[in-house]
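Quick one: this structure, given as structure tokens, is what I'll be asking you about.
Order of writing sets the labels: A, B and C. Residues in every chain begin at 1.
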Amino acid sequence: MLDLWLSGFLSLFQVQQLAFLALGMAVGLLFGAIPGLGGTTALALLVPMTYGLDSFSALALAGGVMGAVPMGGMITAILLNTPGTAPNAATCLDGYPLAQQGKAGLAIGAGASANALGGIIGTISVLAVLPIAREIVLLFGPPEFFLLVISGLIIVATTSQGKVLRGLLTGAFGLTLAFVGYSNVSGIERFTMGNFYLWDGIRLVPSLIGLFAIAEMINLSVKGGSIAGDAKNVKITNMSQGLLETFRHLGTVWRGSVIGTIVGAIPGIGGTVASFLSYSMTVQASKDPDSFGKGNIEGVIAPEAAINAKDGSMLIPTLAFGIPGSAEMAVFLGLLVLHGMQPGPLMLVEHQVEIYSLIWALTASCVMASFIGLALVRPLARVTLLDTRILVPVVVSIAMVGSYSVDQTIENVIVTSLFGMIGYFMIRYDYPRLPFVVALVLGEGTERYFHQSMLMSDGNWMIFFERRICLILIASTAFLVFLPSIRAVFRKLRGTSRTAPGGRS
Amino acid sequence: MKRIFGVPVADYALGAGLFLFTVIYLIAAYGYEAEARAFPAGVAWVMLAISALDLILMTDTKLAVVIRRIINPVPGAAVTPAVSVSPYPIRAQAVAIVWIFIFASLLVLAGILYAVPIYVFASMRFYGRLSYRLSLSVAAGTILMVWLLFAVVLRLDLYSGVFFADF
Amino acid sequence: MTILTRRDFVVASGAAGLALAAAAGGAAPRANAAVAGAYPQRNISFIIPYGPGGGFDNFARVVSPAIERHLPNPVNVIPRNVAGGGGGRGITQLFRARPDGYTIGILNIPGAFFLQERQGGRGFRVAEFTWLGTVSRGENYALAVGADSPLHSIADVQALSRQRPVKFTCTGPEGTAYSAAIISSELLGIDVQLITGYRSSSDYIVAAIRGDGDAVLATLSTLKPFMESGTVRILASFESESSVPGIPDATALGQPELSQIVVERMVAAPPGVPDDIKNILVHALEQAVRDPEVIAWAEDAGIDWHPDPPGSVDGIIRDQAAFFEKWKSRISQS
């Protein structure tokens, strides 16, 4: 086992491999930062380039890309409320308020180190789990997935501080939109009005770009000035402070990484949910939940740790069974096949060294990308001082083109604009966006897994109560949901008073 | 501004919008057969109830007070304030939103290569009231960046718009 | 107005520029030198109606450089993913493109037929495409069960079917496994219930291993890695002559029609391409699928690569269309 780790590591340390790792990292950083582009596009771009290469170089390139993308996405999320990739949307929630307070440097610094730590923890978890990956994948079937999805929805909806009703409302809204499109469960298309574009439903990335980036740009146009408010009061804090912050909140890093690793391993649920769930649960576990949405540094650390942890674990179903958990993984799968590595049960047996080399590449890229991010903190943070009259049109342009480029469909731009308007209203009228996003991602899974479970059990609802993992999931969700009530009771017993509701999410 | 149930009309915008959306969605859902509409309709009914509750709680009526008292004792429940939360003039907000849709329409009609510089220039010059020189140079810089990144590096076809479409 | 010092700006843009340059350099467009003379004069688009990373994507990308090598003039064949509508968007785009030989695409047959049924012929009519050839011989299906399954033969499956419907896991009515299951179960006398909703073939094969369903139908190439690792047991192959030793084939089961259930990867051009251009493309494709580099790649990837005989494409599409017509109503009933 250890010798495999070592050979994987050593195979990475050749000049050519390192060069490709660096190239992948640079591309990943850039593509991660631009909304609409991301790991999927970066990999899709580079895959044909790897055609003649040996597998190790190709994997070093892929690992480089996948490890660096989240860091790129984090930077625009914090500075411009523009999630570079979908999971980074959770980072916007507290990262952007920090930038508005002139603490962009702090946020980026903390996020970068959370990135690195989360990635390392995720890697260790993956390496530990890989030998039993197959067994784990086989434990989770449609009934388990259904309960997971429901739990995710419940947890996120109930942790909207003081706004549970509106949280449920926006969550329901997300669910209704999730059902738009063709469903291979029933074989018909719903709510599409015969439109080709809507066959595939409401795409996540264009709606997120609208909901977070465009909405905030509208907000800035109305407010005027610059992101970081009054230029005189701004201090671009340096990175060491950010680094220290992360180490002060190691519990949050740990929690985020664990959530990221677990959720990332579930195909189809993946990244965005991991980061939002990590955020929600950190809010819930915090002693000061109402400070979230206003610039609590833990609100940056939690999702970023989760995002990088998930990168490693997303490989598990992909490598173990060739089941890609996301579009990015699907492209990565294509890369593997192109190089004669058929993912599946054989892969873990025949190409072990390559796998470990990939995982090392992923980790190395993640850590190095964090360093580069930290090095660029000062110049990057200056963006928050730009006049919005210049900043807004430029960001809107790039965001819209990015939205289009997700799959080269111009209708994405319309979706983005609509969600920009809706997102703006959600900011102004204080409706939480978080449950909406999670519901949009998980929505169609709810129906699908339920339907499959019913077919498996011939309509018997007891299937959710007969399987071991299902019972564990029900128990843990109930525990997590009632946790705040339990803690409130304990607090009352100890005599501390509850703070007033509020906050923005 | 006119008030309905003691609250400025504009404050109802999103709440009312969501309610309306749910009604339309429900009507559409009942056009499908039972199995296909089960989940969407189920969610929509719940959403209708929550949305109605949300709207009521926004108002300044006795009903709202009663309901608030009912759900308040439950820890963590919503207490939506009956206070206007939009401190900016409606017109300013509407204009900002309209600019986004103008850009989107430009993109669809004229394609990326033309829409981006036109929008950046127009927004800076007419909306932001900045100088011609600055507006032109930023517009040029932006489209150059977009072109380099998307067309050259990614070799994506930059959408050429309905007016200039190839087929 | 702003405190953006020149130095900071230079540093940031320098870094961005470096990254851009790296990406641009890493993905530099190939030289594009068209020679004067007939067709082709410029780059050819190769539409892949799915997102990057799928089987069709790989095939198209591997075959494209080979096609380039066998065209009379040196131009690029550029694969383009046009995903959406389950493939419908890309296929429609191909259908509507100008029939000048500068747009070709790869199609899943009979998948495209199903799509046309499902989408009401909204954008394309499969029968009207200009067919250029196949990428490799059509893939047959096979029936498999998880390694832990109590079923060991088709007879077992048939016996089970008499007690209760046999559950097959598959994607959905738009997929080829769905129709394969309906057709084959009718031919084999099995009462079938389909558990739909899985996202990909790997997904529903793993589902069978896990026990969500009793059995699964998939192409042989998809099943092979699972079989070789011992997680799946193939009960029957629908080939006319089984390539897997010890497993009954369509002939042995007395149902030769089973071998007509195939997944073809066919290359087509928009309707109305002039014959001279069509012939150049047909020839280039035929040479490309026999190109030594392509064959070497297939060997490395463990893919069974058997190009169809030249000139067979029209016959193939005709057979597939007839087969689809025959079974159309039975499939849409379910």
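Following the convention adopted for this analysis, a residue touches a chain if its C-beta (ideal position, glycine included) is under 8 Å from a C-beta of that chain, and two chains touch if they have at least 3 such contacts.
If you're wondering where the values come from, they're calculated on a predicted model, not measured in any experiment.
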{"item": "Longest centre-to-centre distance from subunit C, chain (CA-based)", "value": "B"}
{"item": "By mean Cα position, the chain sitting nearest the middle", "value": "A"}
{"item": "Whole-Å gap separating subunit B and subunit C, where each centre is the average of the chain's CA atoms", "value": "39"}
{"item": "Subunit A and subunit C, separation of their C-alpha mean positions in angstrom", "value": "31"}
{"item": "Distance from the mean Cα position of subunit B to that of subunit A, given in whole angstrom", "value": "23"}
{"item": "For subunit C, residues that touch 2 or more chains besides their own", "value": "20, 23, 27"}
{"item": "Multi-partner residues of subunit B (each touching 2 or more other chains)", "value": "149, 153-154, 157"}
{"item": "Multi-chain contact residues (two or more partners), subunit A", "value": "45, 183, 387, 408"}
{"item": "Residue ranges of subunit A touching subunit B (in the complex, touch as defined)", "value": "34, 37, 41, 45, 158, 161-169, 172-173, 175-176, 179, 183, 186, 188, 190-191, 214, 217-218, 221-223, 387, 389-390, 392-394, 396-398, 400-401, 404-405, 408, 410, 413-414, 416-417, 420-422, 424-426, 428-431, 446-447, 450, 484-485, 488, 498, 501"}
{"item": "Touching residues (chain side subunit C, partner subunit A) in the complex", "value": "1-5, 8-9, 11-12, 15-16, 18-20, 22-23, 26-27, 51-55, 57-58, 61-62, 65, 79, 81-86, 88-89, 92, 118-119, 122-123, 167, 171-175, 193-200, 202-203, 206-207, 209-213, 225-226, 228-231, 297, 300-302"}
{"item": "Subunit B residues within the subunit A interface of the complex", "value": "11, 13-15, 17-18, 21-22, 25, 28-29, 32, 35-40, 43-44, 46-47, 50-51, 53-54, 57, 71, 75-80, 85-86, 88, 92-93, 96-97, 99-101, 103-104, 107-108, 112, 116, 119-120, 123-124, 127-130, 134, 138, 142-143, 145-146, 149-150, 153-154, 156-159"}
{"item": "Partner subunit C, residues of subunit A touching it in the complex", "value": "23, 26-27, 29-31, 40, 43-49, 51, 134, 137-138, 141-142, 182-185, 187, 194, 196-197, 199-200, 226, 231, 267-268, 321-324, 327, 330-335, 337-340, 342, 344-347, 349, 372, 376, 378-380, 382, 385-387, 407-409, 448-449, 451-452, 455-456"}
